[in-house]
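Take a look at the structures listed below.
In what follows, subunit A forms one complex with subunit B and a second complex with subunit C.
Let's turn to the complex of A and B:
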């Protein structure tokens, strides 16, 4: 066994700290634009985590799709609606308190379950990429064993984007 | 990095990170007042699920690529979801001039 504080562990803790700090900042910022930027930080932190875990292709896809496309799309939506929007400082309502307690209980339960379970550690001798590069191995698996889901997802994406264009279109008689 | 699975991060730590991220996203989705931020919180929850998938792909009982491929599918579905969600948001904003969640409740008068 390697020592607990190997370089990977330190990197993992720094990345987790960054992700959770950005997520908490997302919750605590008042201005909507800042929240969107904090969420971009979470996405980039997750991409770094994927690359640390050896999933380079997923990490790069995360940067391109989440940190690139989705964050920019959210910023565009904020600019197109009321971009001065702020979340007002509101007192603790019953609903908010119930949501907080429920999420806290869910988190504590999940953490207890995770702690109480003996998780198998990956076998370092197994090569998930079968000697190829990560991208090549994912491409092989995607086009051999996941052909039908891949095509279905492309269909879903086309339908969703055409639907989005139609929904967002200016129609006559809206005013 | 690369092919050999020389990753020594405990699986439980990564799963704990995913659980905390999920709870933060859930709290945001339940309490945020702005519709855009509710959508963003849902993205955060999907991201937490992705973290778990990648962790299981690498560190589970039988390491293989299935988890990474599933997380790619999740990323695609999340992109489709946010596109449709923001289009709906723009359509609603054009009619009702608001993005606040509580102003969109048709039953409350």
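Let's turn to the complex of A and C:
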């Protein structure tokens, strides 16, 4: 079996196709609930890509946080606010057509730049996890090498959480 | 061919995986079919009734007949429902439920088990995905009871996932791994089921698991007396059957998880591993049936208080205790 058509390669193309299809559906749907579901599909596809690359912990964490919590949060917000939320159809204008051409050109430029770059190649014989399982390697890195940044980030998240609660409470008191 | 955990992916291992999936699907269907029958029999016995005894010998074909009836029923879609989502929701609910079975180590040989290093987290992630199906089913039905049931279910399952996860962290800490195979091996190595050193964690786990399964006393999302069955009010025929199947497959998966994490999985003397596993899972099933017959439903306003103010602190205390225990007693 040639390296181009290994199982990983086929899986990569299938997953990419799934992600792109979900992303396009997200943009073309008019109902907000459908959009939320399509975004969930994109998140799950990305998780599958991470797992394909050997980062199972990141992949599963992506499912827990994004596909699980965030998509459900979006769905909750939609259901609690407007039951029949739909976006109106927007007509094509000259400005939009120009924007589309611009986007296309930007995409082509990026593609050429990325293809023209000589990327550093990792040595496949070196195990970046040093023989540990994926989860263990991440834990070691987080709690040994990056201990202080990790704790600072948790502090930041706690502050953001408390701040969000306080902001929401103040608004309730005003009414 | 069958040792796909340690081999690179080839066509033969792929074929073995496919066969394994089909076998697990059949196993899950069998367990669900007879789990429902057992539930009705046990409920009947506890209430001084006989239970189903007409179809087949001892009523053994009762559930088969019920399922057959559900499959030949008309598939009714309400006129005001959101048709695509209404049709999709049961599938969205069932697929993660079945996928969660992939990490449960049924036997010592790890047949049909994906030995992924993040097994515990994988289970949590997939049970979070099922909430989408339940919630969208409730929303797409375009019925106020369904919507309330779907929202309640989502809120309950999402909230109780936090103490559930916390109680799992204690086990992971003791075992030193998130891989379910390693958790069983750690219990064998310790010579002690984790229910003993992790008793507080087990209590948190069992309450959170019952809530996660939407079973009595936490069956608020489908409270018959107030919500007319909640998120699946509008469903009938095989789509309704899919929601029920999801619930019972989760019951099976949760039984497997309990047996693996706290009761030593397939390890045990004399009997073969799969039989030990089946006995432990059956004990969990029986416990759930027993609970259903003895506990009244919890009040909706007490539900979140129990989760956030009782289970979460207990889970945190358990985590700290486990960490201290591990650092002091089990050094090295």
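Here is the rule we use: the second predicted complex is superposed on the first by the 151 of 175 C-alpha atoms of A that agree within 3 Å, B and C clash if a C-alpha of one lies under 4 Å from a C-alpha of the other, contacts with A are read in each partner's own complex, and residues count from 1 in each chain.
Rule of thumb we're sticking to: a contact is a pair of C-beta atoms (placed from the backbone, for glycine too) under 8 Å apart; a residue touches a chain by one contact, two chains touch by 3 or more.
Predicted, not measured: the structure shown is a model, and the values here were computed from it.
Superposition of the two structures on subunit A leaves subunit B and subunit C fitting side by side, clash-free. Once the two complexes are overlaid on the shared chain, A:69 sits against subunit B and subunit C alike. In the superposed model, A:120 lies in contact with subunit B only, and not with subunit C. Contacts of A:35 after superposition on the shared chain: subunit B is touched, whereas subunit C is not. Of the two partner chains placed by superposition, only subunit C is touched by A:60; subunit B is not. Judged by the number of subunit A residues each one touches, B leads among subunit B and subunit C.
In the superposition on chain A, contact of A:170 is made with subunit B only, not with subunit C. Look at A:20: by the touch rule set out above, it reaches subunit B but stays clear of subunit C.
When the two structures are aligned on the shared chain, A:79 is found in touch with subunit C, with no touch to subunit B. In the superposition on chain A, A:92 makes contact with neither subunit B nor subunit C. Here subunit B and subunit C sit at a least CA-CA distance of 8 Å once the structures share a frame through chain A. Note: residues 56-57, 61, 69, 76, 133-134 of subunit A belong to the subunit B contact set and to the subunit C contact set alike, using the contact criterion stated above. Note for the complex: subunit A touches subunit C at residues 7, 31, 33-34, 37, 40, 44, 56-57, 60-61, 63-64, 67-69, 71-72, 75-76, 79, 133-135. The touching residues of subunit A, when paired with subunit B in their complex, are 1-2, 6, 8-9, 12, 16, 19-20, 23-24, 26-27, 32, 35-36, 39, 42-43, 46, 49-58, 61-62, 65-66, 69-70, 73-74, 76-78, 80-82, 85, 87-88, 90, 95-96, 99-100, 102-104, 106-107, 110-111, 114-115, 117, 119-129, 131-134, 137-138, 141-142, 146, 149, 153, 156-157, 160-161, 163-165, 167-168, 170, 174.
Within the complex formed with subunit A, the subunit C residues making contact are 9, 14, 82, 84-85, 116-118, 121-122, 124-126, 128-129, 131-132, 135-136, 139, 147, 151, 154, 158, 177-179. Per the touch definition, subunit B reaches subunit A in the complex via residues 1-17, 19-28, 30-34, 36-37, 39-41, 43-44, 47, 50-51, 54-55, 57-66, 68-69, 71-73, 75-84, 86-91, 93-95, 98-99.
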